[in-house]
Amino acid sequence: MQGDFTLTESATAHAEQQEMPFAIVQGEPLATPPKDLYIPPDALEVILDAFEGPLDLLLYLIKRQNLDILEIPVAEITQQYVHYIEMMGEMQWELAAEYLVMAAMLAEIKSRMLLPRSMDEEGEEGDPRAELIRRLQEYERYKQAAEDIDALPQLGRDTFQTVADVEDKQCERPEPQVSLQELLLAFKDVLSRADMFTKHRIERESLSVREKMSYILQHISADHFIEFSELFDLSEGRQGVVVSFLAILELIKGALLELVQNEDFGPIHIKAR
Amino acid sequence: MLDKSKQIIEAALLAAGKPLLLDHMLELFEESERPDRKVLRELLAEIGRDYEGRGIELLEVGSGFRIQVRAEYAPWVSRLWAERPSRYSRALMETLALVAYRQPITRGEIEEVRGVAVSTNIIKSLTERDWIRVVGHRDVPGKPALYATTRHFLDYFSLKNLNELPTLSEIRDLDSINRELELREPGVDEQTETDEERADEQEDVRTENRTNN
Amino acid sequence: MLDKSKQIIEAALLAAGKPLLLDHMLELFEESERPDRKVLRELLAEIGRDYEGRGIELLEVGSGFRIQVRAEYAPWVSRLWAERPSRYSRALMETLALVAYRQPITRGEIEEVRGVAVSTNIIKSLTERDWIRVVGHRDVPGKPALYATTRHFLDYFSLKNLNELPTLSEIRDLDSINRELELREPGVDEQTETDEERADEQEDVRTENRTNN
């Protein structure tokens, strides 16, 4: 039996020392430990915590026997593995599902190992263990990588950032810078999104009217009237006067101005509404 | 050993993030290796001398010893906490553009064109920047404020008057290359994408902070 | 002037409380006094040399340069804080390792390698620690999130970039495995008890080292 072959002295010694049952599982004393396997009694309870899954448990069993992954003695490992999950399965069935899948996989490999190794039609030689070996190796390298990363100097554990004091840190808050170009693009964007690009044409003329509208609004109030003529600056020339006039008309149209003329041809007074 | 103690004390003072009392420093050592108080004071004095002519100094304050940046270096070092010039959100830029081109305009009208609500923060930022101001109220229910650009807005963009704002036909010619090449601000250039993304996300928060200050 | 620049840089690095990029250091200076990048690198090298034999060191990590306490002084300095740094579970570290080495990677792919489900809590703690983040979604049914490590992960583990991660052990070629399997009987060869005991001891030592580091 291969099993006997790998029985370790320490495990045997341990088993012999124990007069008491090896472990108690679900109240049932377990008199003999599974062959080749020593499970500390308390480990049984935390077995699901101790192993990071079926691959981890398999790796543990292989390491336990100082075996290379490449030489998995499937029959024997399966036996041990099944013992393990039998014990944990009774305790935590719902958590053991992944382990059971692995047990099924091992059983399948084991049964295939019993058949004579054969080439299939394509001439591919199928070692039933190949896939398992691949997965074990893959898992083992990341398990090792996790330990390696954990061993790197960690901030707050192995190294500490210096923080010399600075009195009155002055925090400037610079305002964002904006270019004219950006403003234009924003305008273009909003208009094209509103599907107004083709409908609205804002020309030089209307912009100066709009500027004048703003100007007028800033210079009138709702409290008192001013004279219509005050809104015109003759130094702006004929065009300026026309622009001011158009601006006033626009504002009246928008119901922003109130015009009062007490008599025909009398002075016109304006105030904001 | 003494030198090692000195290194330990310096490292601890630099990492502590707060002033350390003599007793606290002594507690860092196992009893067997612990320097006595007199030696500790000497080591501290030595560290202080090492820092002469440097950007940092060792100072004894009420609650112990601390290492700090010398006041004369603070102007440079405190720039670490200056915020990077950020960028305005698209919503803010579009609002500003609409005020510039369609003034006087109400918030409701801006919302109508943009199809989404204009946040109060945007109006606030633009007003605080002194780029827009209320010039009147439209005579409709609710009397909404009418916004127009300011003199300061013209100055910022080096415009003599609004006539100098480019027309739509000029805008039409702008293509995506302009967007790529000319929109990049010096200083923003070297920001990584992530920084910029983060800057965008933080925009609202920052605006709020600013108004709180 | 150069010496002053060096003092400013050192003071800034000591005070920053986080790694600083070269660009960030340069921004501390007015344009007229700003050293060029090459000079800055030289100054940093000088600062690094100044710290030889001291309790602190200058290190380049993912998001820049930082001055930190040397690992060999950590046992003393860490006594400043009553709380011991938490240890991370194996499940968490294995998940992190898979993200680090195989990024971008989905949760399903991590589970495939580990052979067990990855709990949502692990993904959550890794994300909250800002060690990993979602960088996209794989274009398969369910659109699972793709995870990658962050710069903060590099900073935390004192890495400059992912190339500095410990080398991944090799996967032995399956063909050669098969050849070996052909030659050898599956089973156990001449292993001795001594071998095994030694293996056990080594394992223990390794575990201990890990917790001490």
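Each chain carries a letter (A, B and C) given by its place in the written order, and its residues are counted from 1.
Here is the rule we go by: contacts are C-beta pairs under 8 Å (C-beta built on N, C-alpha and C of every residue); 3 or more make two chains touch, one makes a residue touch a chain.
Please read all numbers here as calculations on a predicted model, not as lab measurements.
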Item to complete: Compute per-chain Cα centres, compare each with the mean of all protein Cα atoms, and return the closest chain.
Response: A
Response to the item:
Relative to subunit C, the most remote chain by C-alpha centroid is chain B
Discussion item. Using Cα averages as centroids, what's the distance between subunit B and subunit C in whole Å?
Written reply: 30
Worksheet item: Where the CA atoms of subunit A average out and where those of subunit B average out, how many Å apart are those spots?
Response: 27
Worksheet item: Centre to centre, by mean C-alpha position, how many angstrom separate subunit A and subunit C?
Response: 19
Fill in: Residue numbers of subunit C (touch at least two other chains)
11, 14-15, 17, 56, 67, 69-70, 77
Discussion item. Can you list every residue of subunit A that touches 2 or more other chains, as numbers and ranges?
Written reply: 160-166
Discussion item. Looking at the complex, which residues from subunit B come into contact with subunit C?
Written reply: 7-8, 10-12, 14-17, 20, 24, 27-29, 53-56, 67-70, 73, 76-77, 79-80, 190
Worksheet entry | Complex contact set, residues of subunit A against subunit B | 160-191, 193-194, 196-197, 200-204, 207-208, 210-211, 213-214, 217-218, 220, 254-256, 272-273
Worksheet item: Which positions of subunit C touch subunit A when the two form their complex?
Response: 11, 13-15, 17-18, 56, 66-71, 74, 77-78, 85, 88, 90-91, 93-94, 96-98, 100-101, 113-117, 155-159, 165-166, 168-172, 174, 177-178, 180-181, 184, 186-189, 191, 193, 195-197, 199, 203, 206, 209-210, 213
Discussion item. Applying the document's contact rule, which stretches of subunit A touch subunit C when the two form their complex?
Written reply: 2, 5-6, 8-10, 52-56, 63, 65-67, 70-74, 76, 98, 102, 113, 125, 127, 129-130, 133-135, 137-166
